[in-house]
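Per-chain residue numbering starts at 1, and chain names A, B, C and D are given in the order in which the chains are listed.
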Amino acid sequence: MTYIATYRGQITKIQVQESEAGNFRVTLGNRDYVVDFLEPQKNILSLIIDGKSYEVDVDAAANSDDFGVMIKGDHYEIEVVEERKKKLAMKLAAGASGRQDLKSPMAGNVRAVLVQVGEHVAAGQVLLILEAMKMQNEIKSPIAGILGSITAREGVTVSMGDPLCVVEPIPD
Amino acid sequence: MTYIATYRGQITKIQVQESEAGNFRVTLGNRDYVVDFLEPQKNILSLIIDGKSYEVDVDAAANSDDFGVMIKGDHYEIEVVEERKKKLAMKLAAGASGRQDLKSPMAGNVRAVLVQVGEHVAAGQVLLILEAMKMQNEIKSPIAGILGSITAREGVTVSMGDPLCVVEPIPD
Amino acid sequence: MFKKILIANRGEIAIRVHRACCELGIPTVAIFSEADRAALHVRVCDEAFCVGPAPSRKSYLNMDRILEVAQQCGVDAIHPGYGFLSENAEFAERCAALGITFIGPNTKAIRVMGNKTTSRVAVAEMNVPLVPGMKENLRDEAHAMEWAERIGLPLMMKAAAGGGGKGMRMITRMEDVPAAFRAARSEGLDSFGDASVYLERYVESPRHIEIQVLGDKHGNIIYFPERECSIQRRHQKVIEEAPSTIVDEDMRRAMGEAAVKAARSVGYDSAGTVEFIVSGKTREFFFLEMNTRLQVEHPITEMITGVDLCKEMIKSAAGDPLPFTQEDISLYGHAIECRIYAEDPDNNFLPTPGKIIGLRVPGGPWVRDESGMYEGLDVPIHYDPMLSKLVVWGSTRERAITRMLRALGEYAVKGIKTTISFHARVIGSEAFAKGDFDTHYIDNHFRPADAARPMPHEDVALLSAAIQAYRRDKERAQHLLGGHPDGQEHSAWKSSGRVR
Amino acid sequence: MFKKILIANRGEIAIRVHRACCELGIPTVAIFSEADRAALHVRVCDEAFCVGPAPSRKSYLNMDRILEVAQQCGVDAIHPGYGFLSENAEFAERCAALGITFIGPNTKAIRVMGNKTTSRVAVAEMNVPLVPGMKENLRDEAHAMEWAERIGLPLMMKAAAGGGGKGMRMITRMEDVPAAFRAARSEGLDSFGDASVYLERYVESPRHIEIQVLGDKHGNIIYFPERECSIQRRHQKVIEEAPSTIVDEDMRRAMGEAAVKAARSVGYDSAGTVEFIVSGKTREFFFLEMNTRLQVEHPITEMITGVDLCKEMIKSAAGDPLPFTQEDISLYGHAIECRIYAEDPDNNFLPTPGKIIGLRVPGGPWVRDESGMYEGLDVPIHYDPMLSKLVVWGSTRERAITRMLRALGEYAVKGIKTTISFHARVIGSEAFAKGDFDTHYIDNHFRPADAARPMPHEDVALLSAAIQAYRRDKERAQHLLGGHPDGQEHSAWKSSGRVR
């Protein structure tokens, strides 16, 4: 199976082959790896690659291609998509607008909504305030634009990944 | 729902009622309990009964009515059967013979089978030797009788609960 | 000794207090909010009562309900932990009125030390060095200008009732004084219900060093070797160590004696901490404030002295005289504590509430875990994001550092992001190794841009994600075909098979 | 210092050694049998290699394969832990021949101390007190009768190569001497491939007390305060503490000096332990044997002295002189260790291999966990049943006891039965509190019949089982109706939702 991985904007083609149960051959760009694989605890992997032992935590949300990987305390956010699916997605993206769907970066309570639909906002302008664990966190607009819609409601609790609002780019 | 619990040979009738989610009314013989119930980790229960907080581990094998319960380090082996099922089982037991199905008390390796089918054995006679974790453990006959059948084979690994052999009582 | 103690707190400190009680043979009563039914402190204490809904003011600050529970289950003492009601003189008085011992100092000490200006007046009378500045509150802008001229720049405008970095303004130009006066008043009023503010000198290259004291009801007060708490983020302590790299024997004794004097000014009779600000340049030290409770970072003092502060605090509240004198306290090795938060250090320390789906706690020699976590815990969004404290001891500072790095490397919390790896970067830094830092160290040296630093195991991360994608896709394919691959689900009722 | 170390062991001791290496900045290589692919030591070490099938003689004792791995990955030292190859002089010599440092003493020390009669000869020359008896092996039954008369009853017949209680016979009547001679010879031959046996006096009310020593390659040897190891079950240590209740300062010095003399008799140059048998009646002590390796119970000595023995052993092997002298070692408080076994204490200590489905490790002040467990580990049937060691420190023995009881109460291992609750009964016993025991204490006082003791929480146990039965039945009923009750199963791919 061939996958396209995106990490920090960089794209890598990865081929995965299961040579026997618990053993994988992985080609990463032009580098080959033989991986002795075990999952002794759910989502915690033990890999032995060329004698080196790695403990790797991998999280993946339910229907997502985004994998959160943790190795020796460092965190890697990687998107892994099957090659043909990726090609399709890239075609679609080419035709898409610069519309920004803002999602909640954490679970919390919407403390304040500071903007209204139709309002012009500057890049970096604070749109909402989310509160969690005694801290107030500002949600800022990533672009200059017009506020398309607002899903967030003051006083309502949101989960991580819940839509908050949409900022539309200013038409040319 | 009404259950019959057997602990150390003593029989207790237990009625269980779920008054609301996470709250149970349990009648144990003639004693009533209101139980604030939570299972924060699988098979680890947090119970609050009349203000007292208990952490209780409960294990139950797949299709078994036997529950292993651990409270503050002490272990309780309890059989819990629905009332009508229990009545049926007791009727059957009344007609059953004193035949002894010996099951393996642990996972291990059958080191030696010391008896043969048809052999007369004394109560307490060593029938097999099981080895696990560098220790040899003797499996003894609970009754005087005749060896009915042997499932265990020397050198073969068994799991906990696997049948080892059957001792038939000597016919009157 | 007490017959039964109610612990009016949650999280790791509730468990710390329970452990001390347990070792003293005293049963404990936990309280919990509706959001904390599954919390570990509820499970480990002997009794547990719900005291209200999730918001603190309706539960953990709900004095009526807490005292009702205390009476109902017949406790003779309440331990408030830190935070919540721990420095609330009214609560201490209400306990006393019901004949329940509040495990903390006398109420006068709580009141006087709870206000910066009254505490400055009290300790100044004992000749404890103060940051040069006022011992009264400012009346108006003109008064502020007058004092600003007298003390000289740079200055700090502070809310008298303040704490935790709130209601503070640094002033480097005289023309900023009026605005700072107005801002600090307004923040003080908003945050603490008290608009009083005052001015003091701003100490440059400040280090935050504090002295643990312990008093009893018989007039004895002793001090312990200092704790260095300068590693802070936004005025919140993050890493503490004991002893400090800049304190020698003479300075230790001088600070200790000053702390005991400060404590004596209010007849202190419990465990408490006198905080000093120390000039990293001149090593002069000045009284900052006194915390009239057990401190988050008390374990590092325990590790270097062998004294169980939590237990001694309870025994002192019960009227026992201190079982040791100043001469019995000696310094033994070095200890470090890291506060582990549910925050994403690579995303501006955003809080990360959520479910802990995997947990492996560090162990081995001289590693101490103070935690309220367990595998399966859903970290609530309502409270402080501190999950646990990791404490190590070493015979030398260097050994404590390598041990802390080792322990941080072992610590695995899955499901939510934590500050564990961030701690490893701070503790592993050259400046930390040299002891060369002040309270601005983290804010100045660990910028958000650090999130883009190169990662050492990129290839392994990529191939791990790809293998998991492959296994997921394979399972899905087999599922569609009706097969049941290796990852078959166990019924909730299938379990260990331990029972025959 | 070494560049890379191979750890030729498994379980908790492999992890202990890895932690020491990690803190010294030395990368480690793990070895594992096919049964141990999922073991924790494989996951925490930097490199890992399979050395053969499950049976120890094909993997952990497979010298050829282990040395092949060592050469392949370029290690310059091997730490053998305890057991397995740790006291194998041939292995040490083969390491040396390959230019690899064996982290242990010189091979002469291993050989001489590996045999009871040669070690008795060696230490007797240094005037170390021996259990009265022979310093040579018995030739025949007549020879045995002659010596039996000379030493007097009661007697012990011992296999010279023996250990761990094997090849030993107590003799209380002269006419039993010939049978004991034959039985011990046969057991010695079976178990150790050596039929040599000898006679010594049987010490009544024996206590087993041992002295940790540490030597370097420059002729320095120091001793540490004693460990009390009398709490045994079938000649296996179960609970150890330091110091002993029957040893005072004078006796401590006398035993320490005797231990150093015993170590000097073989030019000892590493960490080792000199075991003594002590008469509970007369407090006389006699040399029993010397273990030429790190001991299971080394952590209690670490806790009362602040010395990291595992680290010092590695540094000594690398040629470093000891960083302290005898005068630097002082005794600080009290430590206790409980060995947690996968055994069912209420069923004749039958081994309980199986899967650990839940784990909560004790924490808090002065609690040390030395473990190879994790949630999800399938404990293999092939190896020793020791799962972990729980170690506590307290400023007094009484405090260490209450702390150990508290920690045992926190320790939750689910899925398999362990000896945790048994330890609580032993540590909580009056005789233990008084220090009034000998090596027969457990075998005499904790009979299998104890399994029938009354249990304090019978009602809660009954209602918990009934509620679980009810919930199971309810879930089954809903399942039959096609519903999906609250206990819905998560797909293996649904997880924390941490990733956006």
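The criterion applied here is as follows: a residue touches a chain if its C-beta (ideal position, glycine included) is under 8 Å from a C-beta of that chain, and two chains touch if they have at least 3 such contacts.
Keep in mind that this is a model prediction, so the values were computed, not measured.
Between the chain pairs A-C and A-D, more C-beta pairs are in contact across A-C. Taking each chain's centre as the mean of its C-alpha atoms, subunit A lies 33 Å from subunit C.
In this assembly, the C-alpha centroid of subunit A lies 49 Å from the C-alpha centroid of subunit B.
For the pair subunit C and subunit D, the distance between mean C-alpha positions equals 38 Å.
In subunit B, the residues touching two or more other chains are 41-43, 55, 59-60, 67, 105, 160. Multi-chain contact residues of subunit D (touching two or more other chains): 44, 352, 354, 357, 374-375, 409, 414-415, 417, 472, 491-493, 495-498. If the chains shown are joined wherever they touch, the resulting network has some other arrangement, not a path, ring, star or complete graph.
Those residues of subunit A that touch subunit C in the shared complex are 1, 3, 5, 7-8, 12, 14, 16, 18, 21, 24, 26, 28, 31, 33, 35, 37, 41-45, 47, 49, 54-60, 65, 67, 69-76, 78, 80, 82, 105-109, 132-135, 137, 157, 160. Across the interface of their complex, subunit A is touched by residues 342, 346-347, 350-354, 357-358, 381-385, 408-409, 412, 414-415, 417, 420-421, 424, 452, 455-470, 472-474, 486 of subunit C. Subunit B meets subunit C in the complex at residues 38, 40-43, 46, 48, 51-53, 55, 59-62, 64, 66-68, 77, 103, 105, 159-161. Residue ranges on subunit C touching subunit D, taken from their complex, read 15-16, 19, 22-25, 44, 299, 302, 306-308, 310, 332-333, 352, 354-355, 357, 359-361, 363-371, 374-375, 395, 399, 402-403, 405-406, 409-410, 414-417, 472, 475, 487, 489, 491-493, 495-498. Those residues of subunit C lying in contact with subunit B across their complex are 29-30, 37-38, 42-49, 72-73, 374-377, 491-500.
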